[in-house]
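Quick notes on the structure that follows.
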């Protein structure tokens, strides 16, 4: 069985040959996989020992906790991969980033307007929660496509607050938006 | 001595007016002294360990603290109903509310903490500064509160920049703003006033000279009701984010025995200035030349008290209870010795890779580090939901070593052993800090974390392994899913439980 | 000095030739010193924590120790394959086998322990007695081994009763029999020979005067490869069942500083007598008059080493590794100070209410005690099956306090917090001991547990509550069962998992 | 719903009135029962807090772990209770005790013969396991009815080794045995 697995921008082609061997980018690894009764996973890769907790997130995303770090891993089998390739990178229009509220809270300030250019790291929204003012920042350069939160709104966890689009995509994106 | 409105007498049942890890800490100290415990809980905390570990437990209202843990009337009612003779406030909530201490006194209940007057004086930045100033404690130059914005702007000229805008009622960095340039002052005052008003219902602010490259160093004191006051040395708490401590250690890298005794003596003087009784902490700001200035006194048990316990061998929580029972301290200043090194990492539900935004969610799995030199104080559990109702601290991980190096290496080991799933935590932040050259060489100040420390340069070490793990689990799931009978069970997010359950049926 | 066939040099990767809690202890010490670890495992231990926590893991055979953990050839093969430069034997298994130490030497691998000769001399009761006797160490009168039964009976007359029949190859009480009356001697010799033959493949026995009301007190020593030998004070290990230690403490109730230094000096002399290097323990039997006699030397890390670590602040496991790396000890005798009190309870899978019969089964749930002053060293996990293949110790629960009283009260608290389900454990035994007047007053000897301590007089404190709990759960199950769809799911032993799974699906 | 619950020789009649009240021997108790996601149970009885782990054993026996002690509790609803009363105390002939091997091991010695009288605490069998000689003792006074283990046998966990009967019941017991 062959899978295409992504972390951040890295992509691995992982072939599960049988219970104790996998092939990654054509290189074989001896594996020994065990799941304990409490859900913890023990994996030996060429006798290198790794202990992890793996839980399913949204879509094909798996959360992997490994020596302190939490990795978001996207796993697709060949079929699913080809499909997603066909309709552009998974989820929404290409290069579009939706900024969601990480927790319930109150919008104290919205620092950007639609069509405004933002650089990675720019503050875009101030959200009050847990009695603290939290700054939401742009995850990358882009253009504000939509702002769906206003000062004074109290928002839920994961509520979409605004959308940042690719600069170069601006026109067709804008079009798309108008369509809706 | 004048410690009016303070009850100290033997008691055998105590109500813990708090939740989370500090409630657990107090319950354990009580049980270790043979004192029965009464827990209180809000809707959110029915299953919390402090409810399960206490001898008795009473529901006091909805999750919002203002309707439960902050309801003095309900707490006193439960104390009466359960026959609790004493109340321990822990930290936060009502811990530094003089009116609560007074209410306990009026209800003839022992308040495990200082007399109301000491809380009142130290609770107000201004009266605190005056009180300790009179006792010869050095303070940072600044204005008194209540000035008009015009007056503040004028005063700023005298104090000079950089300076701090601070809320009179403030604490934990809320309503506090550093200002480096004259032109930023007005905005900063506005923001501080807004935040303080929201957090404390009082927007009053004042100005204070900003000590640059300052270190936050605090002195732990113990005072009994017989006039004995001692100190347990210092804690280094310079590693902070937005004035929230994240890592504390004992002793401090920059404090030698001579300085320790000097600061300790000043701390004791500050405590005596307000006829202090119980455990307390005097916070100082120390500049590069090792001049130290009084910041504030915390009239309660401190989050970071364990590092002092490990290095001095003194159980501060137990001493606090003995003192409240009217006992003389067993220790004199001469008995207090420090040996070894302890470091505490506060494990918070927040995302270190995304501007430390709080992370809410339900914890599915926890496995705590164990073994030599590792202590974990925690109040969370599998199934616990991190909500905005309470603070985001999940646990305190404390490691001890004969040397600072040993403590750091042990902390690395413990952080790696720590497993918590369901919310994002700042464990990677702590791991990154334990690897940082600046930290290892003790070369940091209160601005280090925010200004000269970044997660950007952290390499995710195990991406390939994570990719393999996720793929194998996904593969296993799709294999399993195809075998499962009942349609309901096909819900993929449960395959793990199913496989466990299937295993059990064998 | 003559420490031939001993390698000491820096190494960066170590193979742990053991399992369970001691393998974990060694792995943690290595990681805290930046040493990479290689675990080995039998069929039974694939999921054990030492496999999961080590950097590498290799399968070495079936569950039976003789086919896995005792296979020197396989261990050396894995060391070669993995590039491990050193091997730590832990305790038990090959820890006190001179041929293993020699084999490591021959394979140019650092053996983390003493030179083969020291193991050989101390491993044989007779040569050990001669060696230490020559060094002026007091020993118990007795016979040399290898006598015919007739000779033994004759010798018994001289030694007088009561006396002990002991196996030359013995240890941990196996092949040991106390004899109080002449007429019981022959049977005792037969039983000891049978048991020794079975356990060690060598039925040779000898006789020794039985010290009545003796206490088992041992001295921890550390010796480096540069001729420095120090002691870390004593441990009290008198609480034993069938010569198996169950509770140990540091310091001892009956040892004052003067006696400590005297015993320590004797312990150091015994170690020097065999050119000892590494951590070791000299066991003494102490009579009512505080005369002490050499029993044996354990040429390895001791199960109960943590109590000494907590009281002296010295990390014995790390020191052992530093010594094996050829380093000079950082400590001199003057640096060693004892402060506070530590107690260790060995939590075993056995039924204290049924003659302490070992309890086999699979552990379904574990929750370890945490918080101040509590250390747990364990190697078991949910899903672990206690089998007759390995010993029945589940974990070591160690509590520290400023005083013995504090340590005892903390131990009570920790025992109460401990949750382990699936096998019976001796936790009630420990709880009963912590309540026992004789224990609290330190008034016990090596026969106390077996002859003057009974579980019969323990009142089950919570029968009503247990009845209510079982009834509510049974009720809840029958309610649930009636709602469940698929027939397979009606299997009642799974309703708990089901309900959990159902909760997850919401 | 009414249950008859036994611990050792104590018997409780427990009536579950509703989610937050039960009646025991006609005395009402306010209860608050919660089961955590890891199976741990938290129970408040008139505000007294108890934490326990409860797992089902054989028959109607429940193992309850409560502040260090493990309790074996038999729970029967009225119907089951009346039935078991009808056919004499649950399980086997009245007053009969089966001594089972607590673990796999080797029989080193059998110290009793059929029809021999034994007193509570008498050694009956020596079993070697975990390299130790373990003594199995009579749980109460009685008469050895059957010995199904011989020296040298290696036995499994829970394998029946011998049966002790009530002295006064001896005859009908013996009869029963003959029947088989």
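Labels A, B, C and D are assigned to the chains in the order they are written; within every chain, residues are numbered from 1.
Keep in mind that, in the parts below, a residue touches a chain if its C-beta (ideal position, glycine included) is under 8 Å from a C-beta of that chain, and two chains touch if they have at least 3 such contacts.
If you're wondering where the values come from, they're calculated on a predicted model, not measured in any experiment.
Asker: Kindly list the shared contact partners of subunit A and subunit B, in label order.
Answerer: In this structure, the chains that contact subunit B and also subunit A are C.
Asker: Look at the interfaces C-D and A-C and say which one is made up of more C-beta pairs in contact.
Answerer: More contacting C-beta pairs are found at C-D.
Asker: Would you mind pulling out the distance in Å between where the CA atoms of subunit C average out and where those of subunit D do?
Answerer: Each chain's C-alpha centroid was found; their separation is 32 Å.
Asker: In whole angstrom, what separates the CA-based centres of subunit A and subunit C?
Answerer: 49
Asker: Counting in whole Å, what is the centre-to-centre distance of subunit A and subunit D, each centre being its mean C-alpha position?
Answerer: Taking the average C-alpha coordinate of subunit A and of subunit D, the gap between them is 55 Å.
Asker: Could you state the distance in Å from the CA-based centre of subunit B to that of subunit C?
Answerer: Each chain's C-alpha centroid was found; their separation is 38 Å.
Asker: Specify, in ascending order, the residues of subunit D that touch 2 or more different other chains.
Answerer: Expected reply: 37-38, 40.
Asker: Specify, in ascending order, the residues of subunit C that touch 2 or more different other chains.
Answerer: Where subunit C meets two or more other chains at a single residue, that happens at 53, 364, 416, 493, 500, 504.
Asker: So, with touch as defined above, which chain pairs make the list?
Answerer: Here the touching chain pairs work out to A-B, A-C, B-C, B-D, C-D.
Asker: Taking the touch rule as given, give the residues of subunit D at its contact with subunit B in the complex, in rising order.
Answerer: 32, 34, 36-38, 40, 42, 44, 47-49, 51
Asker: Residues of subunit C touching subunit D in their complex?
Answerer: 174, 191, 195, 198-199, 242, 351, 354-355, 357-360, 364-365, 367, 388, 391-392, 415-416, 418-422, 424, 427-428, 431, 460-478, 492-493, 496, 499-500, 503-504
Asker: Using the touch rule from the top, collect the residues of subunit C that touch subunit B in their complex.
Answerer: Of all residues in subunit C, those touching subunit B are 24-25, 28-29, 31-34, 53, 306, 309, 313-315, 317-318, 339-340, 368, 370-378, 401-402, 406, 409-410, 412-413, 416-417, 485-486, 488-489, 491, 493-494, 497-498, 500-501, 504-505.
Asker: Would you tell me which residues of subunit D are touching subunit C in their complex?
Answerer: The contact residues of subunit D facing subunit C are 1, 3, 5-8, 10, 12, 14, 16, 22, 24, 29, 31, 33, 35, 37-41, 43, 45, 50, 52-56, 60, 62-71, 73, 75, 77, 102-105, 128-137, 157.
Asker: In the complex of these two chains, what residues of subunit B are touching subunit D?
Answerer: 39, 46-47, 51-58, 82, 364, 381-383
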